[in-house]
Structures are given as structure tokens and as C-alpha cells.
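As C-alpha cells, the structure follows; a few thoughts come after it.
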Amino acid sequence: MMRIRASIATIAMVALVAAGIATRGAAQDKTLTIGVLGPLSGGAASYGVELVRGAEMKADEINKAGGLKVGNDVYHIKLVSYDHKALAADAATAANKLVFQDKVKYIIGNAVGATCNAVQTVTEPEKVLFSFVCWGTNNLGPDKPHSFRAMLSQWEVAEPFYRWVKEKHPAVKRVALISPNDTSGKDTNTAVVKALKGLAFEVAADEYYERGTKDFYPILTKMLATQPDMLDVAAAPAGEAGLILKQARELGFKGAKGWTAGTNPFTIIGVAGKDAAEGVWSPTNINVKSDFVSPTVRRFGEEYEKRYKEVPGVIAVANYAAFDVFTKAMQDARSLDTDKVLAALTQKPFDTVWGKLVLGGKETYGIDRQFLYPVVISEIRDGKVVDIAQVLPAALKK
Amino acid sequence: MSGPAAGVALIALTAAALPLITRDSYYLDVATTILMNLTLTMSFRLQISTGQINMAHISFMGIGAYASALLVTRAGLSFWATLWIGALVAASLAVPIGSIALRVSGPYYFLITFAFSEVVRLFFNNFFEGLFGGPSGLVGIPKPGRVLGLAFDSKLALYGLMAVMCVVVVLALVRLDYSRFGLTAGAIRQADLVAETLGVNVFRYKLTAFVLGSFVAGLAGVFFAHFRQVLHSSDFGLEPMVLLVVFTVIGGTGSVWGPAVGTILMTIASELLRELHHYEILVFGAVLILTMLFAPEGLVALPSAARRLLRRRRRQATAPAGAGLAP
Amino acid sequence: MSIELLVQALLNGFGLAMVYVLVALGLTLIFSILEIINFAHGEFYMLGGYITYYAYALFGLNYFATLGLAILTVGLAGVAAERLIFHHLRGRALNAFIVSLGLLWVMQAGAQLAFGVLDKPVPSAFSGVVRVFGLVMSVERVVVTLSAIVLIAALYLFLRWSRPGRAMRAVAQDPDAAALQGVNIDAASALGFGVGCALAGGAGGLLAPLFAVSPAMGALPVVKAFIIIIVGGMGSLPGAVLGGLLLGGVEGLGALFMGSAAVNILGFLMVIVVLLVRPRGLLSGA
Amino acid sequence: MTVMPGSIHGLIGPNGAGKSTVFNLITGVIPLTAGEIRYKRERISELRPSEICRRGIARTFQATALFREYTVLQNVLVGAHLLAAPGLVPALLWSRAYRERERRARERAHALLTSLGLGAVAGQVAGQLPHRDQKALALAMALATGAELVILDEPLAGLTDHEKAETTAVLRRLAEQSVTVLLVEHDMKAVMGVCDTVTVLDHGVRIAEGTPREIQTNAVVIEAYLGAEEPGA
């Protein structure tokens, strides 16, 4: 009850403040509307909510600092975010609303593979710049020059991650993979299997489960019967990944654990329990509380937790960074014209919460639209996430 | 017979007038979605009118959609051919599925059709991935090709196509409802045993409604595939199905116009509420509960209910008003 | 494939079957008394889960006391839902279905609003695993299954021997006749709905430490419960137990031979087959 | 048991004798497990109720069963289903032949209602009719099928004496028009007055059959009624 009242109060305050800013700024400032899409209700809601929050954090930061200065104009940033309930058809309608109703030229943030395809049928013909954290391989390509992936995907992290595993933990020979049965799961497992074969690992199991599954005993029984040395909960979201690890431990699994497409380490530790989560390596986890991260990230983490009462996962950070990159590119281009911003985006590296970031990926996708930044490999030790190695994607080494 | 004609004319005129008022792509997109949903809810109501709540209705939309998408992309057929083929595939699959499901009735029918719809969805999602695209979905479905010198690459043209399809479907379904078929269907819904002993082959009627409804759903599905150009099994799962039921029942199942009222109002409302994120379903849920409590016959029955209430009020003007129900 | 693996697979399937039977029994109880297919049933399960999260994980109440609290609170919530909403929809199955959908949305969005979107872990009350002949099951699951069986037995005794329980059964069989015998239909309906929800709440409380809690957690068990009651036969307690065991067995074994995601199709196929052979379920009308 | 064409045949017996069951078996509402039913020499025991109706047998139900949301006229029109020869395509095309056929069906229905004294209430909703009219409507629906054999389950129950007289007059008129009537009735006086033949059933077994006069003096029948309870009012 308290919570609801507090939320209502917050909404009222935000509305008041927003109204205040709007009326005050109307005279000299212009408004830049940016769209965010995502599943904001139902089973996949946590993805969408993190996307919106990441964007909100950056937008508020910019607005508080007086707005975004692009060329001679100063813009107040207005966020419009719509829920598509993880349904492709609904996502297309929502994208239409953003593009044609709200006249948005930038959609920063979307998750759930199939919805990305649907959104792209709207954004590409309209030359709307669209960044997302969906992991479908086919979401990037030369036929989709206005689409960006704002987060490292399996194709960038699987190979360096397993190369690191091979070097540091030579005992690991047989790897079992499990992912949810959707685009990101399928594409993640495909990428990991390719990396594993390239590095001469054995693929002990390559399994998929239906999203929303809670009882993994049946599938784990089958997987563990293949005697893997390492269990990779590849693209499983944090809650489900935690359950898998917990139940694998109950079934007697004692090998190494990986999370190629890790998202929120605190949830996995909480759900799996300290013991079952012990020793999980991940190349994508971000621990905003770690001593290793930059002060900016830590500040972001503290601010986020204060504001939303939850610890941010990698998606929140990724969208915060994506917002940062796009707004910086607008400033570089000294224009809001998408063609000019597109040119600025691919011109030079950006300094972000991730560290140095460039757009690359031509060798994988045929076009440089993948955000590349240092891969930080972390390990869960005693319920804490510890960064233990940093690997640079090839494009950043140059 | 002026009632049905006037209703169809109203829908047709409104649909024709919209592009004169706005050509905004978003409005056209929403309007196209409404018309598409309208064909679905009206054909769903056709089945409700014989007493069946077919939770697999959306699956036949999916069957039409996947059939057409594959025939166009793999076999190189034209949309104008697959429009019929897709619908016929849906209808012909409806014959065996309907024959099985119609062996049971009431809640069992509801649940067996739900089971069928999940089987179909899981089938598209997990089997023959090379064909149906599996969990990644089917992408790159082309828009309808040129026909009779008309191009269908713009939102407006697609809207026009859907509008024509919708008006034809509505015309046919309304005509059916006001015909002997509708009379008999309603009799079956009210007392199927009595209808049977009066010589009505109830099973055949229900199956006819099922197959005909599935044909229309397949038609809508084919359009959907080439309108959205992307297909995913979740588009034909429980959630969108539930929305169809909601549109239909909120509008009112007692009248052939109920689904139209429900679909139009609810789709517009949900677009207006889109920014509310999860508050949207909070508001939506509350609206559902309140509507069903205070307008159990659906929105379309509200005017006559209000009239009845007013009359009763006037009659017992001195007596204290009963609980609730105040308009 | 070794025999051991097969048996372990069966055991996996049966492992949590009884908890889903609990959810299914709630659903079938509500259906037989009010003729309502309550789609929001999973949300009462979710409510039970969150009560457990707050009472047990945050305030450190005793595990079994928490379970009792979850059952009681969710039961009361069920009574309230019946009195305020479903009571007015008796005899209107379709309307009640729509309302239950509305309730589902309101409760799910409300939970997201009140409790946040992330999965909330509930620590295990019992640790360790039981190993017999190379078969493995965690102590936690053993306790949960036993608790579920106790609750099922309690429900059986309640329906069989207690006055309100008998009244509920009478209403389920024939409301008019029950009313003639002096049964208070309103009270029996409200109580029936409450007990049905309480069972879901209990199941949610039992599974919370195993599965963590989240606003959308109710979707899965309610679908399983539907399969269980159609296969077993609506309104039949032994039928639900049988349906639960069948579903668990089929899913447990199926996971060995086909992709785990595809296994979900088996339950629905089972529904279709059973309804074809016995249109009212395997043990209907008991 | 055999029913002769053009006669009014009564089926009586104490409560629980199985009279309604016989009706349900004849009309296919309950599947027959043993024995057989023939109509005009054709075996009809495996047919659906609608098929049986198609062969010319229509019925009413003990608890008067109507389409309660429909008007009286609509109820009769549903009964005229078989004569109207419905079809999806003609209805969709709204052809002249279809409309003509429906117009004739309407006329016939009106005529039938008038002949049964329901002409004035044709537009009323069936569920709100008085009991007497509901009974008459149920009969009208059965007749509207064009049946040659109508099976009536307690057509007189709950009617006043005056109303009973009206109904029995209708039944006689039917027999004159060579419609066969098979009826179950508790009112002995009416049964004996109107029927040509009477069959007595007890515990599912036929214990006597004959003219009303024969039955009234049959010792077995008297025994069965006295042994059970008072014959219905």
C-alpha cells in the first residue's frame, strides 16, 4: 500500500516537474522526442523495465544539465515508451505510433527477438535509427543500415570467453549448453557451439527450454547424464539461470559454470543461492558495485538503486550507454538529421560507461552496427561478482 | 431488413471516409488492425452464436498466415492466389479439428480448443524450424503484389484492401445472422436438444459455423502475414486469443454488432492507454470487471438496458433506488 | 539409456506433481461449485508466493507458519473476490471468464507495481539431497511433496466429513436440491471459492523457495492445472491426483526423448486424446 | 408396442414406469441398448434425433422446452427448419427463391399459430408467455416440422379444465388430419376420453394394451396403480 502510494506520489511529482520544465523551457528550448520500446508487462517485463529505466536515467541527466546542445540549439529530451507485451504484431503497432504519431526519429531500446523484426519493418523504410538489445543474428545486416545492437551479443563474447576458459581452465573439455527456446536462445547457442568447435571443446549437450519454466529437473537429468565438465546457462535470463544452477547442484553437478549471455548477477546469486552460484563465469555480467568498475558506473548503480529500489542489470546499463552514444553522436553531427548522425556514429570511438566503445561487426553481420566495448570476464565468488579478466574485441584493438 | 443493411453501410462508409480525414500512417495502421480484428471477432461470434467458445480461433488465423507466407516465399505463388489457398487450408484443417472438438461441449469444448491452440502454437514454434522459422519467427514476407494495375506497397492501399475484405466478410456474416442460419444457430445456443429433436442436425450446424469461422480467420491471417511481413508463433497464442474474446464479450455476444462495438472501442482504448505501460493492463482489467458486472450483456446492450432501467425508475420514483447499477 | 535414468526421469516428473494437483484441485473445486473457469487462479498462487517471500524471507517467520499464513490470507482474498465479484456472475460462464481475466491483469499488474519486476528469491528452508539407489531428490522437494499430500488429504477429509465441506459438495452436485435441504448457497459458494484459492495460495507458498517469486509466476501452474483437471475429470479429487501423476510422468519421460520446449506439447496432446476417449475425463463425476 | 397411423395413442403408467424413457428412446435422445425401433418399417434406433425428426417424428418435452429468448413466431420458424430447406449459399446470396421460401415459411407459421390460438402472441418473447401458451407453442413447434407422428410428453399437465378441453379438441383435429399422436399423460379422464388405444407401462414393462374401455377394466392395471400410488391428478 505504502509502495503504491509512494509510486502515485512519485508520478505526480514527476508530472509536475515535467510540466514545470516544459512551460519554463518552452521559450528557448526545443524538444527532442526519443522512443523506447519493450515488454513492460507480463513474463518478460524485467527486460523492458530495465530498458526504460536506463534511458530515463540518461535523459534526466541531460535535462538536469540544461538539455542537449546540438549545434546552436538546446534540446530538452522527452522520452516516450510503449509496452508491446513481447508480441510481434503489437510491437509493429507501437513502432508505428512512435514513428508516425510521436514523430520519433530515434528509438533507443527494444528487447525480445521477434519484436525487433517487426519494429524494423517500420523503422528501416522511414530511416529511423533503432537500437536494441535483441540477440537475433538477422537483426543486423547491410539491408538494415538504421539498426544497431547496443549490447555485446553472443557473436562477440562467446569466442573470447571460451578462449579464456581454455587458457585458464584447461580441465574443462565437455560443455553443456542450455538456453530459452526463442531467438536469443537459439542464436546464442549457435554462436557458442561454433566457438566451442573452433576451440576444440566437446559439446556435451545443446538444449532449449520454454520460457517461464521453473522445474529444470527433467532437462537437467538428461543434460547431466552426458557428464559435462561445464554447464553454460547461455542465454537464460537471471531468474531462470539461477533456478537451473540451483537445481543442477541438487542433482549433483559439481563442474564449472558459465553464463555466456549473463544479465543480472545479483538476481542469479539470490535465486540460486550463494553456494550454487559460486564460481559462475560470465563475459557480459556487469557488477555496478564492483571495485573494478569506473566511478561513473558505480555512481550510475547507486543512483539507479536509490531511484528504483532494484539493482540494475546489464540491460539497464546497455541502454544508458546507448542513449549516451546516440546523444553524443548528435552533438558531433551538430544535427538531428539521422543521416548525419549515422555518419557521426561510425566515425570514431566513444567514451561510455563501458569504457571505449566503437561500432563494428562488419565481418559477422556485413555492416558496422554492433556496439563493441571491452569484454569483462567476471566470476561469482562468495556471493559477490569479481571482475577477473578483460578481453578486447578485435575491432577495439586497432 | 433495414437494420442490417444500415449497419453494414455505416461500417463501409466509416471505413471509406477515414482516408479522407487522415492519411497518417499510424492511424491507418491502427484502423487496419481494427478491421482485421473485426473480421476475427465477428467470425468468432458466429461460432459463439451456436454456443461454442472456440479458443483455437486464432490458430486458424495462424494456419492461414503461415500457409500463405510459405507459399509466397517458397513456392513463389502470388498473394492473390494464396489469399484463397491460405483460407481454404485453414478451413479444411478445421473440418477434422472441429469434428474432434465438437464431440464435447460447454467448458470441455472451451478447454479442448484451448489445448488445440497450444498444440498449433507449439508446433509452429518447435517443429520444422527450417520451414516455420521456429522461435525466431518468419521474416521477409513480401507485401501483396500488383493486381489490376493497383499497387499494394503503401499503408493506404493495404488499409483499402483490408477494408474491402472486412466489409465483404461483415456483409456475409450479418446476412447469415439475420437469415435462417442465424435463427437456427441461436436456437442451438439456447436449447440444443430441442433444436435437435425439431430436425436440426446440431453437429453439422456447429461444424459449419466452425469451418466458416476458420475460413474467415484464415483470410484475416493471410492478410496479417503480408501486412506485418513478420510472423511469430506468439502472435497466435493465448494472449491475442484472449483479446479477441474480450473484444467480443465486452461488445456483447447477443447481437451481431456486439463484436464490432467491442473491437473498435477496446482497440482505440488500448492505443490511448499504451503509454501507461503495465498500468494499461491494470486499467484494462478493472474495465473488464466493471463492464461485466454492470453491463453483463455487453456494451451494445447498454442503451436498451438504460431505457429499461429508466422506465423502472420512473415507475417506482418514490421508492428508494436499489443498489448499484446507476448509470 | 539406463534404467536408472528412466526412473530418475519419472521421479522428476512425479516430484512436484502433487503441488500442481493442489492448484488443480482449487480450480476444479471452484468450477464445480460456481461453474466458473477461473483464469486468475494462478494469480492467487502468485499471491501465496509473495506472502511467503515477505513473511519467510524478509521477516523470518517459521516455514510452516508462513505456509499457514499464505493459505489463510489467500483463502480470505478468495472469499472477498467471490463476494465482491464472482457472486454477481453466477450462471454467466462467459462473463465470469472475462472477469477472471480482468482480475488476472489487475493482480499481475498490481504485483508488478507493488513488488517490482525482478525475480525475488526465497531462501530454501531445507538443504541437502536424498539419494537412494543412485536416484536424487532434494530434501526440499521431498518436504514440499509431503506437505502437498497432507494438504490434499486434509481437503479430502474436509469435503467428506465436515459440515461446510458436505454443503459444498451438495451445491456442486445440484444447487437447487442443496438449497431445498437448507444449504446456504451463498455461504457455500464463497467458502468454496475461498478454499479453492487457498489451495492455490498454499501451492504458491510451497513452491516459492524452490522457484523464486515474480509477478508472472502464475501462468505456468494454471496451465498445468487445466491439463490435470481435464485429463482427470472435472470435479474429481482422485481424478486430479491421477491427472497430476500422468502429466508429471509424461513430461518427465518426454524430456529424455525430445527437446524440453517441445515436451509442453505432450500435455495438450494428452488432453485431446483423453477427451476423445472419455469426453468427461478419466475419473469424472466422482 | 405398436402405434397405428392416424390414431391417438396414450401411454400411461405409475411414476417411474419408464414412459418418458420410451419417448427419449424413440426420438433418439437416449441411445437404445437393446431391442429396436422401427418407423414405417425402417429401423430408426441408431439415428440422431434430427434424422428421426426428418423421417416425420416430432416431440415435446415434459418440462416445456422452448427457445426462451425468441419470439413465438421465431420458435415456430425453427420448428419449420426441415420444410424451409436451409442452406448456407442461398442464405448468403439472399436469392429470390430463398426469400420466397422464407416468406412462405412465415405464412405457414402464422397460420399454424392462429389455428392453435396463438396468433395474437406471435410477436411475444416465448420465455414470458403464460404456461398455457407455452404448452401450446411446444405443440406448434412439433407440428411445424411437418411431422406425421407427434410425441407429446404430458401435454395437459398444469392446465385448467377449460384449457384441457381446448387441447384435447386440437388433438382430435390432428387425428382427423391423419397426424398420429402418441402421448404420455397423468390425467386418466382425459386419456380415456381422447385416446383410441392405450398402453400401460410399469417398471419398464408393458403390462396391458387395448382400447380405453378394455384398460379400465383390466385387473393387472388396477393392481399396478393401487400397488403403486394414486394415479396422477
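A, B, C and D label the chains in the order they appear, each numbered from 1.
Note that contacts are C-beta pairs under 8 Å (C-beta built on N, C-alpha and C of every residue); 3 or more make two chains touch, one makes a residue touch a chain.
It should be emphasised that the depicted structure is a prediction, and the values quoted were computed from it without experimental measurement.
Student: With one step meaning two chains touch, work out the least steps from chain A to chain B.
Tutor: 1
Student: Among all the other chains, which ones are in touch with both chain C and chain D?
Tutor: B
Student: Going by CA means, which chain is nearest the middle of everything shown?
Tutor: Here the chain at the core of the arrangement is B.
Student: Centre to centre, using CA atoms, which chain is the farthest one from chain B?
Tutor: Following the centroid criterion, the farthest chain would be D.
Student: Could you let me know which interface, B-C or B-D, is made of more C-beta pairs in contact?
Tutor: Result of the comparison of B-D and B-C: B-C.
Student: Go ahead and note the Å separation of the Cα centroids belonging to chain B and chain D.
Tutor: Going by mean C-alpha positions, chain B sits 40 Å from chain D.
Student: Chain B to chain C: how many Å between their CA centres?
Tutor: 32
Student: I'd like to verify one number: the distance from the centre of chain A to the centre of chain D, where each centre is the average of its C-alpha atoms, in whole angstrom.
Tutor: So the centroids are 73 Å from each other.
Student: Could you work out how far the Cα centre of chain A sits from that of chain C, in whole Å?
Tutor: Comparing mean C-alpha positions, chain C is 35 Å from chain A.
Student: Where in chain B do residues touch at least two different other chains?
Tutor: 125-126, 278, 280-281
Student: Using the touch definition from the top, which residues of chain D touch two or more other chains?
Tutor: Counting only residues that touch two or more other chains, chain D contributes none.
Student: Considering chain C alone, which of its residues make contact with at least two other chains?
Tutor: If we look for residues of chain C contacting two or more partner chains, we find 108-109, 112-113, 259, 261, 264.
Student: Any two chains that touch count here, so list every such pair.
Tutor: Pairwise, the chains that meet the contact rule are A-B, A-C, B-C, B-D.
Student: Residue numbers of chain A touching chain B in their complex, please.
Tutor: Where chain A meets chain B, its residues are 40-42, 45, 52, 80-83, 85-89, 92-94, 96-97, 99-101, 113-114, 117-118, 121, 136, 138, 181-183, 185-187.
Student: Under the touch definition given earlier, write down the residues of chain B that touch chain D in their complex.
Tutor: Residue positions touching the partner: 172, 175-176, 179-181, 183-184, 186-187, 190-191, 193-203, 208, 212.
Student: Spell out the part of chain C that touches chain A in their complex, as residue ranges.
Tutor: Within the complex, chain C touches chain A at residues 5, 8-9, 12-13, 15-16, 108-109, 112-114, 116-121, 123-124, 129, 136-138, 140-141, 207, 210-212, 214-217, 219-220, 251-252, 254-256, 259-261, 263-264.
Student: Can you check the complex and tell me which residues of chain B touch chain A?
Tutor: 24-27, 29-30, 33, 125-126, 134-137, 139, 224, 228-232, 234-235, 239-240, 271, 274-275, 277-278, 280-281
Student: Considering the complex alone, what residue numbers of chain D touch chain B?
Tutor: On the chain D side, the touching residues are 27, 29, 48-54, 58-59, 61, 65-70, 74, 77-79, 81-82, 84, 86, 88, 91-92, 94, 98, 102, 141-142, 144-145.
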